[in-house]
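In what follows, chain A forms one complex with chain B and a second complex with chain C.
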Partner chain A sequence: MKSPKNISIQKKLLKFILMISGIILFVTCIAFSVCEYYTFRSTTLLNLSTIGKVIAANSTAALAFDNNLDAEEILTALKAESHVIAACLYDKDGNLFSQYTSGSSVHPFPEKPEEDGYRFEHFYVIGFEPVILGNNRLGTLYMKSDLKAMFARFKIWGIILISVLLGGFALAYFLSGILQKSISRPILALAETVKEISNVMDYSMRAKRSDNDELGLLTTAFNQMLTQIQEQNLEIKSFNHMLEQKVIERTLELTDSLEREQEMNEMKSRFVSMASHEFRTPLTAILSSISLIEMYGTDQEDVKKGKQIERIKSSVKNLTHILNDFLSLEKMEHGKVEIENEKFDLNEFSKDIIEELKGMLKQGQSINFSGGGVMDLFQDKTILKNVLLNLLSNAIKYSEVDKEINLLASVSNNLVSIIVRDQGIGIPAGEQKNMFGKFFRAKNVSHIEGTGLGLNIVKKYIELLDGTICFESKHKQGTSFTVEFPQNSKYENNIAY
Partner chain B sequence: MKTILLIEDNLSIRENTCELLELEGYKVICASNGKTGLQLAKKELPDIILSDVAMPMMNGHELFAALKKDSSTRDIPFVLLTSSVEKKEIQAALEKGVNGFIGKPFEKDVLFQKISFLLLENNS
Partner chain C sequence: MSNVGRVLVFLFLLNNLTLSAQGVPSKEHQIEAVFLFNFAQFVEWPAHALPKAEAPIIIGVLGKNVFGTFLNDVVANERVKDHPVIVKYYDTIDEITDCHILFINYTDIRQWDEIIPKLKGRSILTVGDANRDLKQRSMVRFFTKDDKIRFQIEPEAAKSAGLTISSKLLRLAENYNVN
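Presenting the complex of A and B:
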């Protein structure tokens, strides 16, 4: 059996309605029954006493004249009253004077008349009525009546009662079945919606509103709650999305800064090893030259001293060159380079640079220039000179004796293209991608002096000219750098970076 | 007269160091890379070898390893002239049996002392 908590609201409502209507019907019936019982009782007593008074009044003559026959006749008139089953008359001394019994039933009469009045005794009503003439009491009338009439009435009454109970109950059941639906239907609909929402987790669903009563309000409130949940869900989702985005961003930032830091560390260690070697070599030369000058004494030839002084100068120049590289880099990285454009001819310009580099050439090396007609540029001469000096001195440095170096210059569609090609040691394929990195030096040049800054500076210079640089190289066969930039700078003049 | 083999790729340093050692009274043979240095060491059997580390063809460490393989050159004192200040590198080379280190740039007296000490030690 289901406990009341598990019964559906429909059944609960039905049960309550039936219970209440049943109780009300029952209480009403009981009240009516009690009322009817007492009414009938008093009516019965009144009836009997009325009959008694009539019979007593009629019996005065018979008692006064001691006429038994008359008395019997009078009593026999009671036949008309079927519920009176026995009656008798006592004389004034209380002796039985005359008697009457209905049908064949035998009823003992009281020996002496009792107290006047009517009363219920067991299932009968009995009564003693004085027979009075004037002021004299002639005798007493005794009557006994059964309650068959009352019971018959009660029987009918009972049938009506049960019919009313059953009919009322059936009506209540029928009506409540209809009426409770107006309450249970919206609740059930709401419950169904709730169930579906929690199953599918779809907060865009809405419960259907039926009436404008409290249930309608509940439905509206529920729908509002759903809207709020939906909005909150959206908010949570967008917040989550934002958080995820933030996490990704932060991770990227961290990875970036970590990479930057690693790069910086790597650069630092590259710088230390570069500085260690690049500074120590000219310093060693200088110190050894000074030691020699010390040892020469005063009688030594000036030629020897002069040679050592030249060596010191050259080493100092070397150190200055390294420092200048640092300074250029520093300037460019902090945007302090000023562009000073001017008009010049690339042919002449290239030849001057080649002339300047002659002192650096190894035995048998030569730089061959091939240009094309008049090539008037409007560009920063100093920057371009630095670029070409750098590329050409690299070509010299990383080529063996007797190797040829080519410098090719051309202009087409306002684009200047300069190629520096050598037949030198080349760049190992695996290291080519790092060539423009700061302090980077390929493994095959570890014994050759160099800071690892030249190409980094060249690339930055070329970018200042709005140009590009690229190279092709084969290990042990040679390298070819190609520089391209606009013939006429887009900057008017003197623009600081 | 003791013979010193000097191997150094930088011309100025090579010539200057050579001249300093000659002025100090040694006979000096010079080489500009490890490979030539190895040939000269086997041929001339010097009393002491001074070598740079970073050189083309064969560097100082490779040269030392090659010298150790040859019985004729195995016992010649070997000193590295180095630009490196890495303690690990120095430690590793000393463990392999390199007799000394002279850091660049060096004072001539340090160079002379180191050489005379090693020569004396090798003789006894």
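Presenting the complex of A and C:
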């Protein structure tokens, strides 16, 4: 058997309704039965006493004139009352005067009349009725009635009772089956909606409200709860999204700084390996020159001394150059470069640089400058100088003796264009794409000293000027670098990058 | 205990002793005396016979008194519908003035032939002996059957005398058959 907890609300309602209607029906039937029983008892007594009074009144003459035959005749009239099974008359002195019994039944009569009146005795009603004529009591009538009539009536009553109980119960079952739906249906509908919502996870769904009762309130409350869940979900989603964005940002930042860190580390290790290699040559040269100067004793060998001193100078310059490159690179990497714009003439500026580089030129080499009229710039002179020095010294370094180097400068539409062209060893086609990489050196220059930082620095400088750099090169024929940048810098002075 | 009761007890005793002392009526007559009183309770007289509520119902005995004082004892203190009951004894018919029940005790049949026509038209219930009033019958006629006193009633005679006899009394009446 199911425990009450596992029974559905439909069945519970049905059970309660049936229980209540059953109890009410039962109690009503009991009440009616009790009422009926007492009514019938009193009716039975009343009926018998009525019959008794009639018989007694009819018996007066028979008793008065001592005619028991006539009395018997009168008593025989009781045949019509089938439930009166025995009757008798006593005379004045209480002697049996005449008697009557219905059918073949044998009923002993009381020896003497008892107290007047009617009463129930076992399953019979008995009565003693006085027979009175005028003021004189002539005798007593005794009657005995069975309760077959009452039992017969109770039988009918019982059948009606059971029919009413069953009918009422069936009607209650039928009606409650219909009526309880008005309660269980909205509950089931709500439960169905809840199930669907939790299955589909769609919190925009709403339960339908049927009536304005407690269930309606429940449905409304449930819908409100859904709205809240929906809002909270949205909040959580946007919050999650924000978090994700933040994580991505942070990750990017981390990756950036990590990359920078790695680059720095790489650069440092490259610098160590490069320095150990590149510093050795000038240092060896300086050491050997100093040894020679030491050996050269006195004045006659001043010319030789001078030669060695020149070598030392050049080597030291070389070292200084390498160190400058590193410093520049480091500054730029850490954004410590300050732009200091000033007005100057590109023609003059170019000629000064060419003059400065004269000492570097190999035998028969020359730098030819061609400019176009007046070219007044508003730019950082130091940065531009570094760019041109780098490009021109590269041209000198990677050109054979007697080769010409051209420096072309022009301005049009506020755009300055400077071309440095040499007839040097050129850049192999396969390596041209790496030319601006840090520490990159082409395979055909391994015999020439260099850090691999120059072009990288140049590119960064040009970017600082808001300009571009590109080149064309043919292996063993020469290279031409083109630098373009605005005539007037858009930046104010002293801005750090 | 009423007088009737006392009489019945007396009858019972008498029956056992089988005494027939002087002045004491026979059992048969005692029963007849009680019956005479009982008739008063089953007969209704016309209004002129009993004009007042307290007017007595008179039971008369014509001829020889066979009851002694017994009949007086029976009716003493009795009332029938508020009417007291008294007994009168008559020797001749001329003495009868107000009477309601008349017990006629003539032994000569010829006397009967005279008395009944004379009483015609009067509201008197005449009671006689069925063995004697053969020609001119009284309204109620006693006879003996199986050792019991029974009576015959002439309802037509009673009706013509203006008397109403209760059906209860009528159903007790039997026809007298001469053996």
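What we mean here is this: the second predicted complex is superposed on the first by the 262 of 497 C-alpha atoms of A that agree within 3 Å, B and C clash if a C-alpha of one lies under 4 Å from a C-alpha of the other, contacts with A are read in each partner's own complex, and residues count from 1 in each chain.
In this section, a residue touches a chain if its C-beta (ideal position, glycine included) is under 8 Å from a C-beta of that chain, and two chains touch if they have at least 3 such contacts.
This structure is a prediction, so every number in the text was calculated from the model and none was measured.
Applying the stated contact rule after C-alpha superposition, one finds that A:448 touches chain B and leaves chain C untouched.
Once the two complexes are laid over each other on the shared chain, residue contacts for A:227 go to neither chain B nor chain C.
Within the superposed three-chain model, A:315 lies in touch with chain B and out of touch with chain C [touch as defined at top]. Partner contacting the larger number of chain A residues, of chain B and chain C: B.
Once chain A of one complex is fitted onto chain A of the other, the partner contacts of A:135 are limited to chain C, with no touch recorded for chain B.
Residue contacts after overlaying the shared chain place A:289 against chain B, while chain C stays out of touching range.
In the superposed model, A:488 lies in contact with neither chain B nor chain C.
When the shared chain is aligned, chain C comes close enough to touch A:58, but chain B does not.
No residue of chain A is contacted both by chain B in one complex and by chain C in the other. Of all residues in chain B, only 9-10, 12-13, 16-17, 19-20, 23, 54-56, 59, 83-85, 104-108 touch chain A in the complex they form. Interface of chain A with chain B (complex): residues 273, 276-277, 280-281, 283-289, 291-292, 294-295, 308, 311, 314-315, 446-449.
On the chain C side of its complex with chain A, the touching residues are 2, 4-5, 8-9, 12, 31, 35, 38, 41-42, 78-81, 148-151, 166, 168-169, 171-172. Those residues of chain A that touch chain C in the complex are listed here as 58, 60-62, 64-67, 70, 92-93, 133-136.
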